[in-house]
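So, here's a batch of structures to check.
In the two complexes that follow, chain A is the common piece, with chain B as its partner first and chain C second.
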Partner chain A sequence: MIRVTLPYHLRTLAGTGAEVTVDVDGPVTRASVLDALETAYPMLRGTIRDHDTKERRPFLRFFVCGEDVSLASPEDPLPEEIASGREPFMVIGAIAGG
Partner chain B sequence: MIRGSASSHIIGGVPKLKKIRVLAGTRKGAFILTSDAGRKNWTVDGPYFGGWEIYHMKGSPVDPDRIYVSQTSGWFGQIIQRSDDGGKTWSQPGLKPGEPTTTPDGMPMGESNRFVYDTSPKTGKPLTTHQWYDGTQHPWEFKRVWHLEPSPVDPDTVFAGVEDAALFRTTDGGRSWHELAGLRGHGTGSKWMPGAGGMGAHTILIDPKNPKRMYIAISAAGAFRTDDGGGSWKPINQGLKSQYIPDPAAEVGHCVHRIAMHPSRPDVLFMQKHWDVMRSDNAGEMWHEVSGNLPSDFGFVVDVHAHEPETIYVVPIKSDSEHYPPDGKLRVYRSRKGGNEWEALTKGLPQKDCYVDILRDAMAVDTLDECGVYFGTTGGQVYASADSGDSWEPIVRDLPAVLSVEVQTIP
Partner chain C sequence: MHASSAPREPPLKDRMKPAPPERELSREEVARYSRHLLLPEVGQGGQKALKAASVLIVGAGGLGSPAAMYLAAAGVGKIGIADADVVDLTNLQRQLLHATTDIGRPKTDSARDTIGGINPHVIVRPIESRLDSGNALEILSPYDVIIDGSDNFPTRYLLNDACVILGKPNIYGSVFRFEGQVSVFYPKAGGPCYRCLYPAPPPPGLVPSCAEGGVLGVLPGIIGSLQALEAIKIVIGRGDALTGKLLLFDALGTKFRELTLKKDPSCPACGDNPTIRTLIDYEDFCGVPHGTGGTGDQAEITVEELKRRLDGGEEIFLLDVREPLEYGICNIGGHLIPPGELAMRITELDPAREIVVYCKTGIRSARAIETLRQKGFQKLRNLTGGIDAWADRIDHTMARY
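Moving on to the complex of A and B:
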């Protein structure tokens, strides 16, 4: 079970709380976590990454265990803390406002 | 209070009052304003989709409870919402949780927010780049849906005008969208350029007498017409003169802000251009200016009275550099002669210290016997007139900046 935290507007879009859980078969990577997330919540397709290229949307970043992995390869394995559910995979939106 | 007639019609010998539903899209959510035909007492519902930009929302003429919404965000992109019960509940008409996202042969399944430009070889056209602000060529990049135009005959068919400028269509109630690529493919696309607000296709008018004929307008490319249901398009910009482009009478490149028609006379079009209010009596083949005595012929909105095809409305804005009413006075101007001779409508509108803007999709009319006229401002007011513009009252004063206003006259 992998925990994923979402920014406010994606929670309202998906009708969830701040955190959701997904199951991933096989290697736990950013790509496989987001694949599982979009299968469970298809309304999120296109809101985090491009439908086709799978490129991250520019104003979003991904954090795991306090580290920004936005620029890492989406196929890199995520840490055991993420795979085991001890730490959440965090989708963060850029700060809006001042 | 807002005055007005209580129009009614007869069902089974019992008169049934009509209802007015105003759909207001704002910078921070959608609102639905509802009144009976008296248009005196309004209920304000919303915000729906709070915090998101609602560029446009519009109901199906066939099924008024079917409402489509363009919900957008710089962070999260484009969302299409749909209601089948007049706005009580909403859903995205795409995949349901757990459904496969691809067909067995690997093709993407319908997704309500997937707008992908058609680059298929069958178009035979290089649909690749348009002009950027600095004159260089720039690839087409989808940003958002500016306008949704439901079909007059099928509640599942909707046309979407998008930025970067193109026309998309759904025939499955918004589950999937496909580009009508003939618009970009007719050959002048490389000369189109964005206006300050982006290169959006914002006006979609469907000829009620001939559904294969449609008009669209793009900032800043101009107006276009199809006579074959969207397969092929021609620029219809003859007669427009735009001093802000190298060739003021160019085939394309004009910043058309809005076009309106009366359904009984679809060959007669009225246009609010960047500067100039224009008129065509031959389906856009030729335009002539009807700005007449307006205090400024810059503006965004233009609309036509529901029952008087020669009665039209605009809201003059001071200039392209100063997007607020001249002299701080919010005035709707009405011509009862199809242009040139205009009267200021001021009763109930602020006549001092008013510096709001009225954006291109933010005016609409109802179809009650005494035509109602409505517009929204960037200051968050939605004004209504229940007497064809003679007097006005705000329905609400403090919404987020209003991007679009549509009105439904519900039987």
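Moving on to the complex of A and C:
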């Protein structure tokens, strides 16, 4: 079970709370986690990654165990803490309120 | 990163030594700042550095209020405060610089009065002009530290680029609903900038503003206080600044989380080959139309025209694309479909009828119109200024939020 935290606008779209869980068959990578997320919540397709290129939307970042992995390869394996659900895979979004 | 060991920039305190006579502390100031002077990490040197320092706070709102008040109390010598707005009743739930009697006054006026009341030694520079690419460098130049307490993406990118160009620390804070973010963007000291974190903003209307999504009043109090803390540490050259870190705060869970940020070598502002050497048009960059509540080329309708046509008995379908909580505060009888449900509930709408779409200010309705256009709807009009404009100009008894 992998935990994924979502920014508010994606929670609203998916109709979820701040954190969702997904299951991944095979290697746990950023790409496989996001694939599983989009399978469970089809309305998120195109919102985190571009529909066609699968590039990350520039106003979102991915964090794993406190480190920014947004610029790493989407096929890089994620650490055991993520695979085991001890730590969440965090999708952080830009906010502008003041 | 340790603020006192910033690789490229000595602490402001060191650059300001020795203190000129006017920076010496008077007897009254020694008493006023005695709790600082008792801290070896601050002491006379730190307090004089604060007195010699200048901080510009952009936005006299939820973040700017605690930041300005704590920096004033701490003895920062000069505080600039930039805001072009006037005080509104809806501000008072969180913007502690302003009181009920200040409603209608320029925010910079009430900010000046409040800061002066806290500490008459502080020189306050109210800046009522709206910051733009034509004046930002000139306005920022005289200040040592910039605090970003703005409430919109164009100003955040403007401040970032201006700070990178001028080599100044940009103390970033932002809030939304129950969540806050804080960082120090200071490429001159080796850290990343705002564009390293978010190279581009979300499309207009995708991420609601506090005016649309709400914000717990105490939250900007916490985040703005953290911004003041970072400013003080940078000025006195002590402690660990949040350079290269993003601090997240979850008010509902009362949880802080610190994330590590990386400098992006390809960043157009502070990367290895920067391409942003002058300020650009930030409203264009963020896709925000100049001076309207809509998004450009859509057919708009004013509240006056809508009222006239409704009074004339015309069959216009009103589509309200706000959230149910907002609808409960005030409405004009539109059919409510929240933006997140629009794609799923599109069958509730008749493409043959003229539909006037509205939200609070006209941004979300503009996005809804884009969605409907893609589904083949053509007879669509965006209510300029949204239900806010209706309350302003048509129905003065309507509840505001």
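We take it that the second predicted complex is superposed on the first by the 96 of 98 C-alpha atoms of A that agree within 3 Å, B and C clash if a C-alpha of one lies under 4 Å from a C-alpha of the other, contacts with A are read in each partner's own complex, and residues count from 1 in each chain.
Keep this in mind: a contact is a pair of C-beta atoms (placed from the backbone, for glycine too) under 8 Å apart; a residue touches a chain by one contact, two chains touch by 3 or more.
Please read all numbers here as calculations on a predicted model, not as lab measurements.
By the document's definition of touching, both partners, chain B and chain C, reach A:Leu13.
When the two structures are aligned on the shared chain, A:Met1 is found in touch with neither chain B nor chain C.
With both structures placed on the common chain, the touch criterion links A:Phe63 to chain C but leaves chain B unconnected. Shared-chain residue A:Gly93: touches chain B and chain C both. With both structures placed on the common chain, the touch criterion links A:Gly46 to chain B but leaves chain C unconnected.
When the two complexes are overlaid on their common chain A, residue A:Glu38 makes contact with chain B while staying clear of chain C. The residues of chain A shared by its contacts with chain B and with chain C are 7-9, 12-13, 43, 57, 59, 93-94, 96. Contact residues of chain C toward chain A in the complex are 59, 61-64, 148-153, 156, 173-177, 179, 181, 197-202, 206-210, 213, 215, 220, 246, 248, 257-262, 264, 340, 343. Those residues of chain A that touch chain C in the shared complex are 7-9, 12-13, 15, 43, 57-59, 61, 63, 66-68, 71, 90, 92-98. Within the complex, the chain B residues that touch chain A are 49-52, 73-79, 92, 94-99, 101, 108, 111, 113-114, 116. By the touch criterion stated above, chain A contacts chain B in their complex at residues 7-10, 12-13, 38-43, 45-48, 51-52, 57, 59-60, 93-94, 96.
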